[in-house]
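Here come two complexes built around subunit A, the first alongside subunit B, the second alongside subunit C.
After this line comes the complex of A and B, so read on.
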């Protein structure tokens, strides 16, 4: 089975082209099923690989590659033909990630059959979705960082296409562009990291690069720079501070897309990249610290920002950013397995929450939670499954989120109690905003009767994926934690620095910590209940009144959006300046100036001509007529022909003598 | 001997002469001759591609060589040949000429003269890349100027006369300095020769001062063509005023003559002068990239925007050359080919909308994707290719360009990558403003692309994807020569 690993991304790729070009856009087009079939096959291969890896039947890592192209390259002044090879590299983390991506992707595609039913661009939606899945899977399996980068950009463009899917409206195209450009800003770091890797390592192959790092061929400063570049890429793609501004806007896309791309898979790509290149980060304390602090700041800021919005998808978007911060922070403190564990569980429960939110939106046709309320009566399955997802997100035992978050907190405490305190606080915030969302949406009285009356539970094609994800949200944490199955599978991360993970600096009893954090989470849920599980929102609004300044700051997202908009503005002004300089300065100097120079030269030569050359001619005339001629007239006046002949004879003889 | 290169070069000339003899009123025969005279060289250049020896041993030699004495008293020869550097450009020229000829079929007035000048232009372009004798090279180089002058000046936009004279005089000025440089080399060589292959071997006897002066002479000639900052300002105007097909040729082929010249002449014949100039060249490249992209971002005229994006993309080529490594040379050459295909397509597509809307102002459109989906699809594809999306042609070449420069110019390269971001920004903004959002009702009855437009764009679209996925097809032809070139002065 493993030898078919290369098919995992290629099957959805083929499907996406088949869907796009295979037939006309019709309501009952069968082509979307091709996408579902392809991803089903990929899932089957991935699960077989995962199972073989877990049971030990398959020795990892597995690598296979093929020549893609070759080019004349040069390293240290020596030209050679560099063979660029593309292929697959399957490690424990890869096997897990493949299964997660395929599974969520399949469920989302099935769910979309219901959610997108009747959309005018139904077929195109499936083509894009398959294309996204293909590039995401390519990113995960590739053994070549350049190919990883290529797929990285392709998931970016799929995200662009899907966020802007309803391009007839004004907001989605804008959000799509914002997402693409913001992530591209981070990608510049990734790009520079790739250049540095090749310049110093002479390869893009992950295994060979790892060997080169292990042998100490790359100086630490270089590794730090590479690490920071990769981190910049991850900041963009995984919506880390300060590049997280694009993710809330990305919610303009269809909700299943938000579930797949902007919650479960693509935004996890940055985390995965850091994990995949962990050997680089592990070799540089600076890079590790940068990862940890980025994650920490992101987790906290996004956690607070999730407290205020009334758009159900924005709450989930901020929550996603915050949880990605948790993962990043875990990786930064040496919690390789913990970070990836949280990535896995989060993929399930956050996809569940988004799909649940999609089910609600599908029923009431609004994202605004103020117009919801009391929906548990109308949509019991959605309510139940979303509650499960929320409990998992809030980290309540024994659901999935508890185990993974617990591992992260433990790792972070070993590194630094301060970071632990911030993350634990964020965990409480998580519990609060999650249940704020649940109570606002499903409990209390209906606030919009019209919408409430028309709300109906979604059909089976949408609820079955919800149920499956709910089951996974319940079981996956416990099952993977059991006997350290997950940690065994992904390993503990290669070559850590002693300081980073070897000996823990601080210790805490895991039981005490788990109890404490869980208790705090329960308190937060209780608070959310008091504030939001009421017939009207007066208590919450009173709080908002009292704390208007902090609310304002949070609603403005700490001004980061404004900052980046200002940056864009500045760039535009600079561009305008360049345009002016080009037309009024460069063109004037070099084109008109050159022309002027030629004109001046021409005028000068004209003047010279007039002044000297022509004057010389005139002068000759003047001399011969007015000077010589006038004096000669003295002779001619007398009219003596003999004298003339005499002068002539003298002149001739003088000439002949002089010769 | 089949005289393949002579056939490729002079079939368009034969076509031009035949067109001259045809009656002015019969449009169809002129079309047929024009298409045949551009299609045959493409067929033959495909043959050239198939017969081209890509082995490592062939890297140092010229292939398909034709060599005859021409003016013996001055030691001038008729000397043609291609290697991995010029071969891909010959094929590109033949391809883009056919595409542009197809796009030209929409020309309404004075069609006969148009085809005549167009075919003469093709002769000049092909000849520049093939000739290995400076005299011949210069003849072909200048041969491109006159047809271009008429093609812009007669069939262009509102400011055509001004644009044409500006283009003509400006590039001619560059050529004059190049001519002086050629003569300097000619008289320096012993025995006096215009033979470029022979001149590549005499650099050992040239002093640094001589090389610098001669280098600067050549550089002025080439830089105007590239166009390199600050000699680039003729380009946007010429592009805006030129008819669509001529913009395509201008961007796809004419600009390449400058970069080709730097690689073929400046680097191989004057290594010391080249080396001396590198720190300046890399600065110019970075300015081209960043400044060109910023200028493009500020434009509201689509065609001007694409024109400035060309300045940005040719900056990548210069940056790669400044890296002075095998990687850089490969990147630069591949970028030339890809830029030709992508920007050619972009200009064609801009022409499509201009023909219908009679405006190119980005701000007056909106929501066209619902109205002209096929057009929107091709335009987006070309834009994404141009901004370097993986899977499309621009990505690999851009990456190689940066890779080639990075080893030597780390900081410059790090600054230059900002150009990638700006490029993405202005292309996406253009797509958003023109195609996305609610449909602007003013354009409610716009028609989608017609058959002629599709025939000219589809091959380029296919090539963008093909070369993006499988760059081997282009790189295979270049590798051996690039290896040889990089190893020349090691």
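After this line comes the complex of A and C, so read on.
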């Protein structure tokens, strides 16, 4: 099975082209099912690989590659052929990621059958979805960082296409551009890191690069720079501070796409990249600290920002950013397995929450939670599954989120109690805003009777994926935690010496910590219940009144959007200034002035030509024709033969004398 | 009698011929002067043959050729003169200027 690993990204890729070019856009077009079939096949291969790896039948890592292209190069005066190879590298983390991406993608595609039903661009939507998944899978399996980078960019392109899918509206194209350009800012760092890697490591192959780092061929400063560059790329893709501004706007895409972006594809890419290149980070304490602090700041800021919005998808978006911060922080403090574990469980419950939110939006046709309320009566399945997802996100045992968050907190505490305190606080905030969302949406009285009356439970294609994801959200935590199965599968992180970076400076009893954090989470849920599970929102609004300044700051997202907008504005002004200098100074003085100078010189030259050269030419003609010629004519052409003979005689005599 | 004497005689005869050809108005006189120049050349040929290559007769043979050609030329020339006289009623060279450009 493992030898078919290269098919995993290629099948959805082929499907996307088949869907896009295979036939016209029709209501009953069968082509979208090709996408579902392709991703289903990929999922089957991935699961086989995962179970083989799990049971130990398959030794990991597995690597297979093929020659991509080659070129002549020269090293220290010695010419050689550089063979660029591309292929697959399956590690424990890769196997898990493949299964997660394929599974979530499959469920999203099935769900979209219901959600996007009747959309005018149904077929194109499926082509984009398949392409998105294919790019992400390529990124995950590739053993060549150059291919990874190419897929990374393709992920960006497909997210652009999907966020701006309803491009006939106003907001989506804007959001798509914002996402694309913001992530590009980070990709610049990734690209520079790649150049540095090739300059110092001489290879893009991950395994060979790991060997090179292990042998100490790369100086630590270079490794730090590479690590920071990769982190910049991850910041953009995984929406880390300060480049997280694009993710809340990415909500403008269809909701299943948001689920895909937030759970499996787009944002997981950054975390995965850091995990894949963990050996680089592990070799540089500075890079590790940068990762940890980036994650910490992101987790906290996004966690607070999620407290205030009334847009259901926006709450979830900030929550994703916050959880990605948790993963980053875990990776940064040496919790390789913990970070990836949270990535896995988060994929399940975040996809569940998004698909559930999509189900709600599909029913009530609005994102605004103030117009929802009491929907649990109308949509029991959605309510139940979303509650499960919310409990998992809030970290309530024994759901998935509890185990992974617990591992992260444990790892972080070993490193620094301060970071632990911030993350624990963020975990409480998570519980609060998650249940704020649940209560606002499903409990209390209906606030918009018109919408409430029309709300209906979604059909089977939409609820079945919800139920599957809910089951996974319940089970995946303890199943993977059981006997440290997950940690055994992914290892403790390549390149990380056991106990080197994870040198536990502080210890805490896991039971005490878990009890404390869970108790705090329950308190937060209780607070959310008090404030939001009421017929009207008077208590919450009173709080908002009292704390208007912090609310304002949070609603402005700490001014980061304004900051980046100002940055763009400043760049725009700078460009305007440059244009002005170009048009008014360079063009006017240098270009036009030079032209004028040339024209003056040309006029002078023309004058000189007319006055002197032409006159000289005419003069030559005049002299030879009218002066010399006329006189010679009189002199020679009188028809007197004897004169001619005389000239001849005199001439010959002269020649003979002068000889 | 050395070669120089003969050459001197040839030159004198040639100059007389030239002088005649340049000064005579009558075309027949010009023709006679041209004959003198031919003969100056003949004297040179015979003299060179006699003094420089006495064994052969090349120079004398060429001289004989020239005499023959000169005789033919005179025939043609006199015929032309006769025809011009009939057409224009004159044999003075300055009057015969129809080739004037």
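Methods note: the second predicted complex is superposed on the first by the 572 of 659 C-alpha atoms of A that agree within 3 Å, B and C clash if a C-alpha of one lies under 4 Å from a C-alpha of the other, contacts with A are read in each partner's own complex, and residues count from 1 in each chain.
By our rule, a contact is a pair of C-beta atoms (placed from the backbone, for glycine too) under 8 Å apart; a residue touches a chain by one contact, two chains touch by 3 or more.
As the structure is a computational prediction, the values presented were derived from the model and not from experiment.
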| said: Just checking: does A:649 make contact with subunit B only, subunit C only, both, or neither of them? Give me first, second, both or neither. | reply: second
| task | Applying the touch criterion given at the start, work out whether A:384 contacts subunit B, subunit C, both or neither, answering first, second, both or neither. | result | neither
| message | In the overlaid three-chain picture, which partner chain does A:170 touch, first (subunit B) or second (subunit C), both, or neither? | response | first
| task | Check the residue A:640 against both partner chains and state whether it touches subunit B (first), subunit C (second), both, or neither. | result | second
| task | State whether A:41 touches subunit B only (first), subunit C only (second), both chains, or neither. | result | neither
| note | In this superposition, the partner of subunit A with more touched residues, subunit B or subunit C, is B
| remark: Listed in rising order, subunit A residues that touch subunit C in their complex are 633, 637-642, 645-646, 649
| message | Residue numbers of subunit B touching subunit A in their complex, please. | response | 56, 166, 169-170, 173, 229-234, 291, 294-295, 297-299, 325-331, 334, 367, 369-370, 384, 389-391, 395-396, 399-400, 402-404, 406-407, 413-414, 417-418, 420-422, 424-425, 428-429, 432, 435-439, 470-472, 475-476, 478-480, 482-483, 486-487, 490
| request: Note which residues of subunit C are touching subunit A in the complex, please. | output: 18, 21-23, 30, 93-94, 96-101
| note | Within the complex, subunit B is touched by subunit A residues 68-75, 77-82, 146, 149-151, 153-154, 157, 160, 164, 167-170, 172-174, 177, 180-181, 184-185, 188, 191-192, 194-196, 198-199, 571-572, 574-576, 578-579, 582-583, 586-587, 589-591, 594-595
